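You will see two complexes here that share chain A, one where it goes with chain B and one where it goes with chain C.
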Partner chain A sequence: MKINIILLISMTAAAMWTVMGRSLLKATIGLAVTSAVITILMFRLNSPLAAVFELSVCTGLITVVFVSTISLTKPLTHKEIVELSRDRLKRFWFLPVILGIVGAGLIVTITRPGFSVPIHAAAAALKGAREVLWNLRQLDMFAQVIILIAGALGVVILFEEKRRDEW
Partner chain B sequence: MSGNPVQLFSVFSVFIALLFISGLYCLLVTRNMIRAIIGLELLIKAVSLLMIVAGHVSGKSALTEAFVITIIVVEVVVTAVAGGIALRVFRHNGNLDTGDLTKLRG
Partner chain C sequence: MPSLLILIPLLGIILLNLLPSRPMRRIAFWFALVLCLVQIALAINHYPPFWGNELDRIDSFFRVSFSVDHLSFVMLLCIGIVSLASLLIAKHTVFDEKERFKFINLLIIASIGMSGIVTVRDLFSLYIFLEITAIASFILIAFEKSVLALEGSFKYMILSAVATVMMLTSIALLLLVAPDTSFSAVHEAVGHAPDSRMVIIAMGIFGCGILIKGGIVPFHGWLPDAYSAAPSAASVLLAGIVTKAAGIYTLIRILGSVFGYNRTVGAILLALGALSIVAGALAAMGQKDLKRMLAYSSISQVGYIIMGFAIWTPLGIAGAIFHIFNHAIFKSLLFVNAAAVETRMGTNDMDRMGGLAQKMPYTGTTSVIGMLSAGGVPPLGGFWSKLIIIIALWQSGHIAYSSIAAVAGVLTLAYLLIMQRKVFFGKLGEGMQDIREAHTGIVIAAVMLAAITVGVGLLFPAVFHNFAEPVKELLMR
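Presenting the complex of A and B:
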């Protein structure tokens, strides 16, 4: 449990860094770190397949998508960064306060005597995730393929548009 | 991983709530489109982790794993398309400020 708590604290710290960080690139790296920590937690919660997906797709691919998007946009000048920093400080200083209050409230709630979570008794062990995906959730697989095709088409249109702009 | 399931679920719930609030706050406060997408990502991650914990505690890990894989596929497509939209907005407006998106016409 101690390792889990350390990992959860790391996850929250990385998420806060992601939200409060000034640079977009650093925010993207923070998001990747958050994903990596969530991957470890998923492995520890006996969900290796989801963990592998999280690591390869969320930590890898999504980071690449963000970095590509950021690199295709114009970087801010030093003056703009200074102005934005002042503005950001005003808007984002509430976050640690809100997290502190909510966290303290939740910890008080769960440590209260008599607190219980409505957890149903463990169901009969289901088959592995692969069998669930291929036998029980075929419609999900079909939808995933359609969504991936839609996403690929979106990206193709984006590049096509860029070429047209260059002409 | 041993331990009381109620305790495990409770501890994870606290931190997942904090992750969710971070994402929601980012989404509500920021005016940069890319940062808004990052906030959305944090929200999705919080939900995914909550599902994995719920599956682990209730003994239905395989089912929740299948759901989380579906969520991840949707997440990556949403991110790619949203990144594309952000780029188009940047080319059109010269910045990524959502405050400038006031000229939408049918």
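Presenting the complex of A and C:
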């Protein structure tokens, strides 16, 4: 339990660094770290399948997509970055405070003696990846294919002109 | 075989993109047109061999229950009609053939997503189809890549992501008490522990997620920017059906088949509905941009739908469903008119328009029909659905809400009359002598939607009896 709480705090810190940071590139790395910590948490919580997906898609693929996107953007000057960060801190100072309070509340709740979550027996039963993907959630697999096609179309539509300009 | 509504378009998209591109670009329009027409025909005549269980081998392959009831039929009909209108507009507003091909692909994907939403009976599958619709919508809004379009798309994406997180968290919490995510299993689990704090939190955050997707006040921040900045063909789709399928339909379905209705939820929804009606109408009055005004008008009209089903009586639900259909038609019509004006004027600024009905007679006339239906003027479709909702509110003892709904109807007429006066009536503006009627395809879409509005109004008893009234079966569950 203690290790999980340390991991949760690390995940929150990495996520905060991602959204509060000044550099887009560092924010992307922060996101990758957040995903990596979530992966470890999922492995520890006996969800290897979810962990593998998190590792491959969020830590790997999405980071690559973000870095590619950042390479297409016009970087801000140091002065602009500082002004933007100050403005962001002024406007959203309460968000980390709320996050801290909610996080502390959750930790206090789950570490209280006798705390347990009533998990339905059928939901708790471990099922193999093959069974889940091909026997139980076939429709969702097909739907994911549609999401991938939509994503590919999005990349083609939104980045094609930029690529043409660069050529 | 409702799954064919998803499989055939999916196979079509794959083939269109794999086979040689030039002929496929031409075929894409006709393929999408046939898909829309077939969907409309199947939804109207409830063709038993297609919807029944006789040929369920394909559906059973997915191991996820598809199910179609009268509510689904109404939604499938709306999806078919609005997608058809959007397709016709795209043909004449997206000029580059390559770009149009991509637009049609996205339109088909959005239709698949919406058809999935209205036919699945599993919370997780519902979530995935909501995401398909949302992703296609983000790209459609940003399609023209202008700063405003990207901003509108970004706002929608961020708020939609918040809604997604809420829904996923809710599903995760519900999975702790239910054996799986099918509607029936979750309904049973919720029934066993209705007062569990975890279940109440799960239901609450799922509901908030749906309200964000539906753009209901106070979760409507993304909607005016997204509707007004999107290309005209995408605005028709978004305003006509996307937010209704992703927001309103999902809310009704979840209340009816999963979480169950109770008076507290009803009271909250009634208040939100009244707030949406008034806030949307007041905001619409102050707009100068035609599409932005119509976007706020949508927020207001959706308020009527919410108030209709929030009282959860047979008449209220039937009125709400009837207004979903009528709103899909007359709001699509008004956005088609806006597209016609935008293609000829090159702007949506109403202050720079005037007297366009002289130069665009079909657009002007159909716009008046759309306006009168939206304003609740008899005998058009919008009049009947609003009347039913107001009567249902009155009958259930919500006299104050009934009065708000009636008075807001006057506000609706007021801002739409302002729009008509600024855009279509009065003296022709300077430099507008050479304006011509919109392209035939846009006119066909407008005339088709206007004919449906008039037809539904004149044939009200038959339409209401066959389509809207049977939806009260939701109450039997």
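Here is the rule we go by: the second predicted complex is superposed on the first by the 134 of 167 C-alpha atoms of A that agree within 3 Å, B and C clash if a C-alpha of one lies under 4 Å from a C-alpha of the other, contacts with A are read in each partner's own complex, and residues count from 1 in each chain.
Operating definition for what follows: a residue touches a chain if its C-beta (ideal position, glycine included) is under 8 Å from a C-beta of that chain, and two chains touch if they have at least 3 such contacts.
This one's a predicted model, so the numbers in the text were calculated from it and none came from an experiment.
Contacts of A:I147 after superposition on the shared chain: both chain B and chain C are touched. Touch criterion not met for A:V97: it reaches neither chain B nor chain C. By the document's definition of touching, of the two partners only chain C reaches A:Q138; chain B does not. For chain A, the partner touching the most residues, choosing from chain B and chain C, is B. Of the two partner chains, chain B is the only one that A:E54 touches; chain C does not reach it. With the contact threshold set out at the top, residues 117, 119-123, 136-137, 140, 143-144, 147, 150-151, 154, 157-158, 161 of chain A are in contact with chain B in one structure and with chain C in the other.
Remark: chain B residues 1, 3, 5-15, 17-19, 21-23, 25-26, 29-30, 32, 34-35, 37-39, 41-42, 45, 48-49, 52-53, 55-70, 72-77, 79-81, 83-84, 86-88, 90-91, 94, 96 touch chain A in the complex.
The touching residues of chain A, counted against chain C in their complex, run 117-123, 135-140, 142-147, 149-151, 153-154, 156-158, 161. On chain C, the positions that touch chain A within their shared complex are 3, 6-7, 10, 13-14, 17, 61-64, 99, 102, 105-106, 109, 112-113, 116, 120, 122, 124-125, 128-129, 131-132, 135-136, 138-139, 142-143, 145, 175-180, 189, 198. Interface residues of chain A, counted against chain B in their complex, comprise 1, 4-5, 8-9, 11-12, 15-16, 18-19, 24, 27-28, 31, 34-35, 38, 41-42, 44-47, 49-50, 53-54, 57-58, 61-62, 65-66, 68-70, 72-74, 91-92, 94-95, 98-99, 102-103, 106-107, 110, 115-117, 119-123, 125-129, 131-133, 136-137, 140, 143-144, 147-148, 150-151, 154-155, 157-158, 161, 165.
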